[in-house]
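Each of the next two complexes has subunit A plus one more chain, namely subunit B in the first and subunit C in the second.
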Partner chain A sequence: MTAHSLAGLAALNLLYLLSGLAILWAVRGFATLSETARLLGLAFFLGIATVGSTWTLLLIVGVPFGLPLVLLVPAAVVVGAAVFAGRRGHGVPHWKAVTARRSTIVAAVGIAAAGVLLEGLFRVARLSGLYWWDAWSFWVPKAEAIYSFGDLDVGFFTSLPGSSYPPLVPVLDAAAFHAMGRPDVVSLHVQYWLFGVGFLWALAGLLAERVPAWILWPFMLLVLVAPRIGRRFFITEADLFLDCLFVLAAVLVWYWLRDRERWRLTAGTLLMSAMVLTKREGMLLVALLLVAAAIAAARDWRFVLPRLGIVVAVVAVVAAPWRIWYVRHGVSGEGPTGGIFTLDNLDRLWPSIRLAFDVLFSSVYWSVTVPVAIGALVLALLARAFRPAIFFGGLVLLVTLGGGWITWAIPELPITQELGGNPIVRFMGAAALLCLAATPLLLASAWERATAAREGAGG
Partner chain B sequence: MSRRLWTAVVIVLVPLLVYPLVTLAGGGPRWPSRAECVHAAVDGQPVAVVFGRVDDPVAADQLRDKVVSVGFKEIEALPDGCGRWKVVLENVPDLGVARGVQDEARGVGLNPTLELDSGG
Partner chain C sequence: MRELSWWLEWPAGVLRVGVVFLVAVALLAVVVRYPSVLDDIDDTAAQNAALSYSDREIAGGNGLVADQTAAHAARALIPKGDTYHVAVNPDFSAGSDLTVRYVDSWYRYFLMPRRPAETAPWVVCYGCDLGAYGPDAKVVWQGSDGISIVRVGP
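Our next item is the complex of A and B:
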């Protein structure tokens, strides 16, 4: 039966990949097969975000969630996107001989090392039990309920812990159960391992556009060995999945600010839409990302702000149905009990912010990630690469302050790193993973500018 | 393809194929059999008097109630770690006491076995 489960998961994830490829083909097009291969990870995540969000919204409005819907939505996405791509005149990618340079060997070593680490992690994912509190107490039970009843059973959903959490992750789990033919909570861990593989491929594929292989691959390996990041790429919870969406959206938004290619903002918007359907913190992270983008692009505000306004509108429309659902069913809301802006509990403000910074700088959770990122930030500033430094440095700072705000504004939360008492460690995963994505970009910007300056001085 | 590209392909593929092959050479993952959940009692170590193993918790509760109804105390229905449920008197201090319990049980029509106490 487990071989059957794995085959079902493989088929489902192929549907995600095809959906995402069709979307990328429609909004961007592919010139060559090697370019398509580089963007496979991003396509996979776009497929998950688009198909998963569509399933979730349909479920919320009352469409029964069963195998027909699981198959119909990706099929519709593929057909719709392919028609759109055809209308835009995007042809099929062609084969072009790859020119192998010295950097190709470096990339090959990085890919091999990452591949072996992921194979090792697969062995853990393949036969893992449901050991993590949030996983067995509500994420997976919600998925089992959606799988069994085909809807959001009001009594069940409103009585579980985390009842106001949006249901995208349980919906993805329920789709995996349908693909496996049964609610196989052991093999489900492989689905999360596939999210990890897809994320690493997506991030490496995006960063490889601008970052030399010798800078890029050490950080991709650091993603895999950081204790609370890569080693958790099989745990059936929503935190790391949300962080992956956030980081990919941030990189896409940064690229859009830099080169103004519209497809990047479109893809980023799809990921941000999935973020607000994944966890409550998704709303906060989207807001912080857009604020950082607005600050970093202040000089181009006439171009940037109207487009970011459209993103806000789209994300708000996607977020609304779930909020309406839980308010209608009497579930308490997502915001702090004292309101979003409160001057109560001022005595908690500094300890809360300090807690967030303590977590950010913890090598126990993120290894050397944050100190190295700060080093890269300093180098970027010294090389006068101000815009990436402002965007990524500002976004990490905003996320950290956001973490402090969560603890400050919810007086019920003790000021502790204890996982059962305060979500700060989970939340700060977004900042740490962002550091891992930003560091190679910052170093590459610094390297690029230093090289240009040296050549300018020499010439 | 150039020689450098071939080298890159080999660098990627060899470890990705060798690692799983080496791992699988030691055999696939295995689960303990049901027999491996039963360990013979050892003199000088705590003993578990097991009144029976059944496939589901309801049947286990019924068997426990039956054992309790004939006068035995501190009888529990517990998962045995191998997919079944056992009705057990745990932590009997030694084999002599356990044999006494076993004899008493046989006198009222029960047929318990003696096992090494798992410490649970």
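Our next item is the complex of A and C:
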């Protein structure tokens, strides 16, 4: 770890942030500086998703990956988005004083409590060695290969475990190496810590639109103290990063279903595009997210389905080049060995689904997250907030069934929570993190309806 | 303060009580876990800071390489553009249970940008049969536990 590496990482992440801010400015605009500050985390993640996906696609089609490309892509995104924003007439955000209310104080306490934990995690990250099996086994070697050779070295990539995994995360790591000036695998952990900080900011910023601070912040802190979530915000693997993309995309899609603001679906599509370039499970999670959206919006299908169809088309176009690349180079595919739909191994079906539910309900991994989420779901249904309950409840259920399907359809996987034997615990992180994002929204819906019912009765 | 009826009326009051209860459960979980998580983070940060440069550099390889100096020697001796091969005797007994199966994977990460190859001018030998590499094979580094680095050919 050196100051030079940290400075390089800071510069790179500033580029991500500027790219995302320019995209948000183009697709939605900013009214005030405080609104801009609230959406900084989302901007950061949109910048990573857009710039990272562009780098990845260019690398796959053979453009050499070096420092010029690392700098050129975000610069092009910023300039292109700024020109687009100008044409749409989006002005510069203005200053509006924030009035100190009780909610501001609650948010300040929550931010301070989260800040203390994140500061501690930074100290862990900045001097951590590379201990995680998958990290040194293939994620980081792929990144080092991209950094050193400037391309997807066929011989090297196809010899690694997980060779069909899409390369977005190694590309982001390789960009970090370029920014640091060398493949500093110790400081690389700080990049993942920044992903964690950005995610928490993005989620809190998005939810704060609809959720009162006193409901929101206990759950944001629970993200950090849940055993298998917050403590992993520096680990140089793709699982938690994928979960972050998934949860932010789900919240954006839900908001779009609710208020039909187009920028939300645009931003969600950018995140979903990054998901399919991050991990094989990204395809499954995107599919489940879109199915849940279609079910929750069944009554508005004329409006919703054509737009979801466009999302599917965009995501498919982004996903295709990598699949073509690895098929062309003889790498075995991403689906289960017995095919996606198989009636073999029916004796494994129920144990596989039960395993997924056991993991979902494990307090050892997620603390009180899931029982509280189910309570919130019940309250939302009692409050007749059916659509958020169907969307989020349905999505958590689909993800859990998806986890069961993975174990069922790959007969080589033992039915166990053992991390080295079955990816179910990693995969179910997506469901748990979704619960943490959905619970405040469901509780806020119930609270809002309870208040509205009284006002209605009073009026 | 709210009146009691505000919390008891049906169904809005019950919903409010439910929301407050669930937020309280989440908050309680945070309050209970926060100090131990913070202690745990502090301990891990202290452990990481106390690591030697070599321990931090080898990290996940500490359970595999048997001898850290072998890894450093391999990096120092094998030029960046060259290829290498990790040859492990199945009966190699030093290191851990994982060494024989996985040490070559770890070298693949650690020795980047040097590429692994079946026939390579450099061999990282874990108790391997040096005679198999012919008379031109030259041991350029010899460590403990039968680990050596061999230059094959001229």
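Quick note on the criterion: the second predicted complex is superposed on the first by the 458 of 459 C-alpha atoms of A that agree within 3 Å, B and C clash if a C-alpha of one lies under 4 Å from a C-alpha of the other, contacts with A are read in each partner's own complex, and residues count from 1 in each chain.
We take it that a contact is a pair of C-beta atoms (placed from the backbone, for glycine too) under 8 Å apart; a residue touches a chain by one contact, two chains touch by 3 or more.
Computed from a prediction, not measured in an experiment: that's the story for all the values here.
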*asked:* Using the superposition on subunit A, tell me whether subunit B and subunit C clash or fit.
replied: clash
*subunit B versus subunit C as contact partner of A:Arg449, first or second or both or neither*: second
*Just subunit B (first), just subunit C (second), both, or neither: which does A:Ala100 touch?*
first
*asked:* Just to be sure I read the superposition right, which of the two partners does A:Thr400 touch: subunit B = first, subunit C = second, or both, or neither?
replied: neither
*May I ask you to decide whether A:Ser352 touches subunit B, subunit C, both, or neither, giving the answer as first, second, both or neither?*
neither
_For the overlaid complexes, name the partner, subunit B or subunit C, with more touching residues on subunit A._
C
*Could you look at A:Val186 and tell me whether it touches subunit B, subunit C, both or neither (first, second, both, neither)?*
second
*If you stack the two complexes on chain A, which partner ends up touching A:Ile215: first (subunit B), second (subunit C), both, or neither?*
second
*Which partner does A:Ser159 contact after superposing on A: first (subunit B), second (subunit C), both, neither?*
second
*Does the superposition put A:Ser362 against subunit B (first), subunit C (second), both, or neither?*
neither
*First (subunit B), second (subunit C), both or neither: which does A:Ser53 touch?*
neither
*On subunit A, what residues does subunit B touch that subunit C touches as well?*
113, 116, 120, 123, 127
*Touching subunit C in the complex: which residues of subunit A?*
113, 116-117, 120-121, 123-124, 127-133, 135-137, 140-141, 144-145, 148-149, 153, 155-156, 159-161, 183, 186, 214-215, 218-219, 221-222, 224-225, 230-231, 367-368, 372, 375-376, 378-379, 382-383, 439, 443, 446-447, 449-451, 453-454
*subunit A - residues contacting subunit B, complex*: 97-102, 104-105, 107-109, 111-113, 115-116, 119-120, 123, 126-127
*asked:* Looking at the complex, which residues from subunit B come into contact with subunit A?
replied: 1-2, 4-5, 7-9, 11-12, 14-16, 19-20, 23, 29
*For the complex, which residues does subunit C have touching subunit A?*
6, 9, 11-16, 18-19, 21-23, 25-27, 29-30, 33-34, 37-38, 40-42, 44-45, 48-49, 51, 55-61, 105-106, 108-110, 112-113, 115-116
